[in-house]
Amino acid sequence: MKPSLPQVARIVQIVDESPRVRTLVFDLSMAADPGQFVMAWLPGVDEKPFSLMRAQPVTLTIARVGPFSSAVHRLGVGDRLWLRGPLGQPFILPPIEAGQPPAGGTNGEALLLVAGGCGVAPLHFLAERARAQGWEVWVVIGAQTAADVILANRFAALGAQVRIATEDGSRGEQGLATDAAERLLHSTRFRMVYACGPEPMLEAVEGLAQRYRLPAQLSYERYMRCGFGVCGSCSRDGWLVCRDGPVRQVEIQREER
Amino acid sequence: MTLADLGVSLCGIHLPNPLILASGILGTEAKLMARVARAGAGAVTAKSCSLLPRRGHPNPTVLAWEHGLINAVGLANPGVEAEVKELRQARALLQPLGTALIASIFADTVEHFAQVAALVIEAGPDLLEVNISCPNVHDEFGTPFAADRGAAAEVTAAVKEAAAGRVPVLIKLSPNVSDIAAIARAVEAAEADGISAINTVTGMVIDLHARRPILANRSGGLSGPAIHPLAVRCVYDIYEAVRLPIVGIGGVSSGRDAIEMIMAGATAVGIGSAVYEEGPEVFGRILREMADLMAELGYERVEQMRGVAHW
Amino acid sequence: MTLADLGVSLCGIHLPNPLILASGILGTEAKLMARVARAGAGAVTAKSCSLLPRRGHPNPTVLAWEHGLINAVGLANPGVEAEVKELRQARALLQPLGTALIASIFADTVEHFAQVAALVIEAGPDLLEVNISCPNVHDEFGTPFAADRGAAAEVTAAVKEAAAGRVPVLIKLSPNVSDIAAIARAVEAAEADGISAINTVTGMVIDLHARRPILANRSGGLSGPAIHPLAVRCVYDIYEAVRLPIVGIGGVSSGRDAIEMIMAGATAVGIGSAVYEEGPEVFGRILREMADLMAELGYERVEQMRGVAHW
Amino acid sequence: MKPSLPQVARIVQIVDESPRVRTLVFDLSMAADPGQFVMAWLPGVDEKPFSLMRAQPVTLTIARVGPFSSAVHRLGVGDRLWLRGPLGQPFILPPIEAGQPPAGGTNGEALLLVAGGCGVAPLHFLAERARAQGWEVWVVIGAQTAADVILANRFAALGAQVRIATEDGSRGEQGLATDAAERLLHSTRFRMVYACGPEPMLEAVEGLAQRYRLPAQLSYERYMRCGFGVCGSCSRDGWLVCRDGPVRQVEIQREER
């Protein structure tokens, strides 16, 4: 058995991304890939899963939505959280064929990342990896209102193309992230679609990917206990979010006619 | 040697092979149980259910330490009404595969045990497992039913009456007792059809930096490789004490471990924590290892190995 | 942080550090005990002795499995008369090192416990440990003294009377019970000076080719890493139940494990099977790890950590 | 913990070395060094230590002296024994300095092996290793009578110089192995003395080595239970035969004057 007890980690930096979302940087590094997650324990409070926003050092982007995330938001620099992981299956970048993508170029193919809510965290980690391999990366960040849009300039700093969609139109395009994604799919040649966010968004992205005949990788959330495929708490019809996921690979469907 | 040769009969129920998914592991959903069946299990046990829904303990509830798992899920379950629906669906999915379905129940009083049993049987499981490792509320010390001969026998008798011969009843014993054979005898006298042994071993893991037990419930149940020789000893002792078929459970993660359980006296073998390392596919690997070992040892049928370590 | 800061007081006896060689490990000879003392142990416990010499069980008696050891040495010992000579020599060798000497006894009846106690005390050990994990011959089921509140209390009272205040008495409890805290309370009521917990966990390893248990005695006692969380839980439960000092024993093989025991409530920590991996030098390594961890956690004295996992 | 449960092994060959001693060859190999031993288990009988006479394949040379060894002698080819090991500290060959010992030569230094009773077994293993490294090897085999002399021609076949000493003079020199050894120490320059046999012989060899100012390596026997340094059964004044030994290194003593 590979041990997976929680490791203590100290917060070394806190960045407020929005009124409800902050990014915590820890004094701990892990060998992990984008899309993988950790179980974060706050003694006496709870233990919950969070996607890695970065692994070296470990960085989490956490929305204040309930008791546990609120308790985490009350922590300051120097305070501790206990982490176990990395857990789960990561996003996979498309294999690079000989000489492709050329440094700085894309050979006409790009990666499309669609993020809703805290889904930006693992997708930022993915964008970083993809850019390092030379991929052209397009990101659509969806939010309800301008104040909820997070990490946009961080993506831009990576050299990714950023599109913002807010439901109230207060920043970027007005509408859902998937509307903005569809407009991009019209105009640009993509190799793969990645998405992380609320389940209705993932469903819509899956539909889009199918329509545009692209493979997709979608990251899901479920209540978790073990985080490693034993307790059955996170089952989606027999598919375990913690072990088989959180990232689900969707192949290009054969056309039905 | 084909996999068909691994078939066994447990309380008159045919299992295509002796490996049973243990209760509480991946037994929360019909489709998940079907997945484990497809991966090779001869039977699957559902997560234990109670009369009313239970949220279970707060997290952390399940951890992996160096030599096994520790959990204090706190018997979270959706209650028997929802469970019956899940079991019905599971039954439909398992039947074409030939995999047996085992329902599992627990309760806080003898009366509630009988009630849940009567309700869960409506779903038509092939076997009913009774988890008596929960505290006995009739007992002033809160001793678990499984730690007291009288309480264990009372639950057995009540569930047997509720089952009314419609389904064989397995009583699941706890290793946290000084004489598991005595409990087994009490349960046999109360006309149990079989015994499952063992449930988890009570333990604790403390985090030095947090200065407290990691599990929210403080203590929890140890399972996996660390408890295997303890489980083998329990099965061995029970086999000496009673004539009932035994489902040997505890730290089985290889064909060797499974055959060891059978030689100790088990009719079938439960697999729980081993799912941690490689997922449901662990069933296929253990079955292949069992078949290879049986060929090496010169056995043609599983029953030939049962109890041979007693002489 | 110097090693001196690791000193603790156990039943009024000063130990230069909390690590104690557990009974039955390398405790057969005075010079061997002295070697372990030089390797860093704060106290050493001699192998348990009985009134008359015992050959113990035939081999195989001690095996290493994947997650620990299993043994059925069968309490082989040269009898209390020879033991007293060995203990006297050990005492002379340990005194200059500042290492405490713990005698260990067992017997088949309450009367014999008192007799061995009276004799062994003549050797002048610093503490006396009473191993009650052996079967109680007064009991019709052969229940070990450690599994019965009444029997445990009787032995305690008899040994205390024999000791007549000349040496503090530690009662060593078995984990093979459903409620170790209840036994601890009984032993406290009978005026034990401290509790050692735990002895080994009963288990069995079967060889598939031999088709039988490997130990000649069939079952044996599990020790080492596999039993550590079980031991921590026992110490935790005992600490909640009684006010006696506790020697926490079971699977300790690192500074982390030792501090975990202390946070669970142990005053001192027994080390047995960990000697398997690296020999007596394991004491030095664990002490260094403890010192480093205490510095990291911000503790200056061992007592500051005692029981902090209870809140 | 490295596991050390017994492994089943089948006897593939039996060689009678003398009326009381036979060599068993098994269908099992181990990575082990000369001087190391195994615990041999016969279910329902007992478990006892035996030195490896060879490790690849495992080979044991066993004298019929009591219940266990008699039971082993009743086994035939195809029968099984269960072995755990290798255990203990091996004999160590002297370090080879640059170009020394030259192939086939000795630079004037040889190794002296003194064997009594079944002590020949590990020393044969050692002789094999030493010869393979090019060492000149002298062996003294001690026995009560000619019939008890074992493995002599096997040593000879390795190219070792063999001296035999029997107490009744029925073969080789008359007298003790140590007498014959002393005569060799007079005439030949040795680098190291190795011995395995009854304890009085080991004592005598230690005395000789000290007198001739040579380092020695002596292999001891004691009743064993665990075989790995836990139970304390095999202690020789605090020195554990199973773990610290069975081979004891004796350095050249400073001259006392």
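As written, the chain order gives the labels A, B, C and D, with residue 1 at the start of each chain.
Keep in mind that, in the parts below, a contact is a pair of C-beta atoms (placed from the backbone, for glycine too) under 8 Å apart; a residue touches a chain by one contact, two chains touch by 3 or more.
The structure presented is a predicted model; accordingly, all values stated were derived computationally and were not measured.
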How short can a chain-to-chain path be from chain B to chain D, counted in steps between touching chains?
2
Neighbouring chains common to chain A and chain C, by label
B
Could you state the distance in Å from the CA-based centre of chain B to that of chain C?
34
Between chain A and chain D, what is the separation of their C-alpha centroids in Å?
65
Between chain A and chain B, what distance separates the C-alpha centroids? Give it in angstrom.
38
For chain C and chain D, let me know how many angstrom lie between their CA-based centres, rounded off.
38
Which residues of chain A are in contact with two or more other chains?
none
Would you please write down the residue numbers of chain B that are in contact with two or more other chains?
65-68, 205, 209, 212, 225
Does the chain-touch network form a line, ring, star, complete graph or other?
line
What is the complete set of touching chain pairs?
A-B, B-C, C-D
Counting only contacts in the complex, chain C reaches chain D at residues 24-29, 31-32, 34-35, 47, 58-69, 71, 73, 76, 205, 207, 209-210, 212, 214, 216, 224-225, 272-273, 275-277, 279
Where on chain C does chain B make contact in their complex?
65-68, 70, 141, 143-144, 147, 174, 176-179, 182, 201-206, 208-209, 211-213, 218-219, 222, 225-227, 229-230, 232-233, 236-237, 256, 259-260, 263-264, 293, 297, 308-309, 311
Residue ranges of chain A touching chain B (in the complex, touch as defined)
1-6, 8, 39, 41, 43-44, 46-48, 80, 82, 84, 225-233, 235, 237-238, 240, 243
